[in-house]
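Have a look at these structures, which come just after this line.
Same chain, two partners: chain A is paired with chain B first, then with chain C.
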Partner chain A sequence: MSAAQLAELRHTFALDKPVVVQFGDYLLRLAHGDLGVSFQYRTPVLRLILEHLGATVYLVGTATLLAAALGLWLGARTAWRRGGAADRANTAIALTLWSVPTFWLGLILIVVFAVGVGPIPGLFPTGGISAPGVTGIFPVVADRLAHLVLPCLTLVAVLYAQYLLIMRSSLLDEMGEDYLTTARAKGLRDTEVLRRHAVPNALLPTVTLVFLQLGTVVSGAVLVEAVFSWPGLGSLFYQALTVPDLPLLQGLFLFFSASVIVMNLLAELLCPLLDPRVRTG
Partner chain B sequence: MTPALLEIADLRVTYRSASGEVPALRGIDLTIEAGQKVGIAGESGCGKSTLALSLLRLLPRGARATGRICFEGEDILTMGWGRLRAVRWSEASIVFQGAMHSLNPVRQVGSQVLEPILLHEEVEQAEARARVSRLFEDVGLAASTAHAYPHQLSGGQRQRVMIAMALACSPRLVVADEPTSALDVMVQAQILRLVDRLVTGQGIGLVLISHDLSVLTSTCDRVAVMYAGRIVEEGPAAEVFAAPRHPYTAALVAAYPRIGDETARGKPGGLAGDPPDPQRLPAGCSFRPLCPVAVAECERLDPPLWPAGAGRQAACIHLRPSDVR
Partner chain C sequence: MSGSLARSLREYRNHRAGVVGLAALLLFVALAVGAPLFVTARDLSAVYAPGAPRQPPSSHFLLGTDAYGRSMLAVTLWGARISLAVGLLATMMSVGIGSLTGIVAGHFRGWVSTLLMRVTDWFLVLPTLVLAAALASVMHRGIVTVIIAIGLTAWPGTARLVRAQTLTLEARPYVERAKALGAGDWHVMRRHVLPNLTPLILAQTTLSVSAAILMEATLAFLGLSDPTKVSWGTTLQLAQQVGAVSAGDWWILLPPGLAIVAVALAFTLCGRALEATLNPRLEGKG
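And then the complex of A and B:
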């Protein structure tokens, strides 16, 4: 590359201006919703983010829903039978999976269930979001779901422990409360006491934490997306890091931070709907 | 002869703790006839609340109850879970102490009163709701209070909700565990009059648990005084407190100042020490270490309830009948 070409490139990306001026320009454009242009793709960063957002929401959204449902359900069960064999086994398994490195678990799942080991055939695709050349509604849906299984499973395995532990501890806090004795005295079955009285109260702190968690999930899927070549924000981030594509990285950081803040706001708005004490207070 | 409403025989409850078994009730015998109002008196830790919870088998896990609690001839302690759930609330209900925590904080109080009605009786929603409104009016609350949450109500209002809830299924027995202890004196009197009126009007048996003797004398037909997990004196409410036969009852009465009594105002009575640790009960009579009239034999003999006048019993060595050695 000649010196003239380098100078032209520097001029195109405004890198020949002083850093302070560059930053000022960036903020000014940011105020107009312009996140700059990616070095690598030569496309506006905002468009790149929006293009990749769908895949991430599809994967992380599904995984979070499943992990939350599984974690909350198991958490309620383990708290109700605290100290029992099921409680100890469930908590131990969840904590082990939580401690496992995400990329390692993803690779193991690929080796076992996508490549195939011994008698196990390769059941699922090794990566990507869809296979080329599939047509028709049902084949496309089946293909999309088959691609979703392994990355989703990895995320659920790693994520559900937090929901389990949150639910378990909030429910344990409720267990000693007098209104549960009232509920039992009324003649309700234990499962009804749990479902109608204990869980609705234990859900309040849990929902707040789940939403705080949701904000970080968008960025937390980087490793899984990289391992499974999932064309979402995580892969975009990973590729931007290897270049490094500074405008794209900056845009992604902003986007991730914003999603945490938006989720916090949602949690704040949701709490009064669930807890009458917050409504009037 | 029809069985008594409630017949408790040799009820013993022990709690398992890290340092071993803790006896909370040590052989309670008590009979309550239909429509009778019986008070249970005693200081904190004497086992009053354990007694209330054991009547519907609501003790926490780790507690073991033996003996018999016969409710209209059926033993609560041995009945199957299904039958027990059916008896709970529809035949015997509880007004808990501190209605602040005994109501679910995130549900409207009306739906909490409605819950046992729908659970125990096959009635239409609309009919059950109408009954909740009537119950609220009976306890002196506006029907619109049903849509309130517990935190929006005062302590007295919450206790009224608890009473409405206890009466929701027209039980034969209501157990009130310190129903007024968290309320100020004016509200206490209102709540007690309310309980008295509703229970008497519907012929419901009442077990009223309190440490406040004036509360018990004004409401109950009979009282039982508990000390360290046992009943030490039992008899007609007015007589027991006017002329106690057990030295502990006497000390309990002396601890309450009386209006117009100059000596009591200057020097309220009381005991020189705390009740015994239930894990290290003294040999013989458990009240002996604090008893002003103890004799040497009290160390060896834990007296049972002996007759102490018409319809009265007390567990003190000084009441030993002449034919007992």
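And then the complex of A and C:
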């Protein structure tokens, strides 16, 4: 590439102006909803983000719902039977999974379930969101689901552990409260006491903490998408890192941060619905 | 002081998981420090590698060879040095920033505290990995960059914890007495608050190291570290780049990954046992 071409490129991306001027221009365009143009794709960053958003919401949404359901259920059960064998086993598994690097778990799952080890054949595709050339409603659905299994499993494994631990400690705070003794004295069954009395009270701190931890969901999504070549925002971020494609990185960073903050705002609005004490207070 | 220390030690011994974690940690540190005794520069050379690339485990190479033909055993052993060093240094940085912010925000009320806590909240909600990766990608690639990126993003949890503890400490009568006798801000923070925070900071440090080690491996895997330095993260990155995953070369993937899990778990177990020792209210939660 000649010096003239370099200067030309610098001029196209306005990199020849002073940094302060560039930053001012950036803020001005940001106020108009313009996130700039990607270095590698030569398309507006906002359009790239919107194109890749669907795949990420599909994967992360499914995984988060599954992880939250599994984590809250196991957390409530382990806390209720505190100190038992199931409690110790579940806490140990959760702590171990918390120590497992997300990307490594993905790689291992690919080797075991997609490539196949020894006599086990590959059961699932190694990556991507769908296979080319599949037609018909049922084959397409089956293909989509087969592609979803491994990335979703990885994400659930790394996310559910923290939900379990949060739910467990919130519920332990409620144990030994007088209203639980009252509920038992009324003659309610043990499961009723847990479901109708203890869990609703433990849910408020849990929901707050779950939403505060959303940053880890985004981090997990970036790694899982990078490992499984999932065509979402995480892969986009990974590709932008390797170039590095600064306008795209900036745009994605803003988008990730904004979505986490908006989700936290939603949690604040959701809390009064879950807990009447917050409504009156 | 020595009496309370001995009591803490006795208390810690009651946490079996904590003792196991501590023993594992001592072993890992000994292996990392002693690695130069078993591994030579030639073992780690990519050009003069001692074996053929990507060979499965054999009697000569107990854990097989990596993409360059180096012994996976030597590479994993050597990787402990970078991973532990980066984890410890980054944690010292993040706990330092967090403790300082927490003490100052807890001691000074009013706008200083409000401002510091808003900044902390901002860092707390942001996705740590995205922030650290973005930081590392705009700086010069290398080990120091990774340490700075982790240190600058991992502190807000510590800051909130330290602030909460500072608030309860400052409400105690002996601090009021010191203030009445004319003690300045610096004196109160250094002589009365900080010594009582030490156990909490110690427990928090231990818990933070495992997060820092995981983050180091992740950033290295994303290609944001120095690829010429052998660490568990760079080993896994190299494995993925040469297609070891789709070829099913499990012996290249397992040792570094299991090492990360073991070290992170050991630090977590120690940290939880320390926490339970210092805060008996958590008893039965661990």
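Just so we're on the same page, the second predicted complex is superposed on the first by the 277 of 281 C-alpha atoms of A that agree within 3 Å, B and C clash if a C-alpha of one lies under 4 Å from a C-alpha of the other, contacts with A are read in each partner's own complex, and residues count from 1 in each chain.
Heads up, the rule we're going with is that contacts are C-beta pairs under 8 Å (C-beta built on N, C-alpha and C of every residue); 3 or more make two chains touch, one makes a residue touch a chain.
A quick note: this is a predicted structure, and the numbers were derived from the prediction, not measured.
By the document's definition of touching, neither partner reaches A:128: not chain B, not chain C.
When the two structures are aligned on the shared chain, A:226 is found in touch with chain C, with no touch to chain B.
Taking chain B and chain C in turn and counting the residues of chain A each one touches, the greater count comes from C. In the superposition on chain A, A:189 makes contact with chain B only, not with chain C. By the touch criterion stated above, A:24 is placed in contact with neither chain B nor chain C.
In the superposition on chain A, contact of A:275 is made with chain B only, not with chain C.
Of the two partner chains placed around the shared chain by superposition, chain C is the only one that A:216 touches, whereas chain B remains out of contact. When the two complexes are overlaid on their common chain A, residue A:181 makes contact with chain B while staying clear of chain C.
With both structures placed on the common chain, the touch criterion links A:84 to neither chain B nor chain C.
Chain A uses no single residue to touch chain B in one structure and chain C in the other.
Of all residues in chain A, those touching chain B in their complex are 177-179, 181-189, 196-197, 200-201, 204, 274-277, 280. Against chain A, the residues of chain C that register as touching in their complex are 124-131, 133-134, 137-138, 210, 214, 217-218, 221-224, 236, 239-240, 245-248, 250, 253-254, 256-257, 260-261, 264-265, 268-269, 272, 284-285. Partner chain C is touched in their complex by these residues of chain A: 82-83, 95-96, 98-104, 107-108, 110-111, 115-117, 126, 168-169, 172, 212, 214-216, 218-219, 222-223, 226-227, 237-238, 241-242, 244, 246, 249, 252-253, 256-257, 260-261, 264.
Every residue of chain B that touches chain A in the complex is listed here, in rising order: 53, 56, 58, 85-90, 93-94, 96, 98, 101-107, 115-116, 119-120, 149, 151-152.
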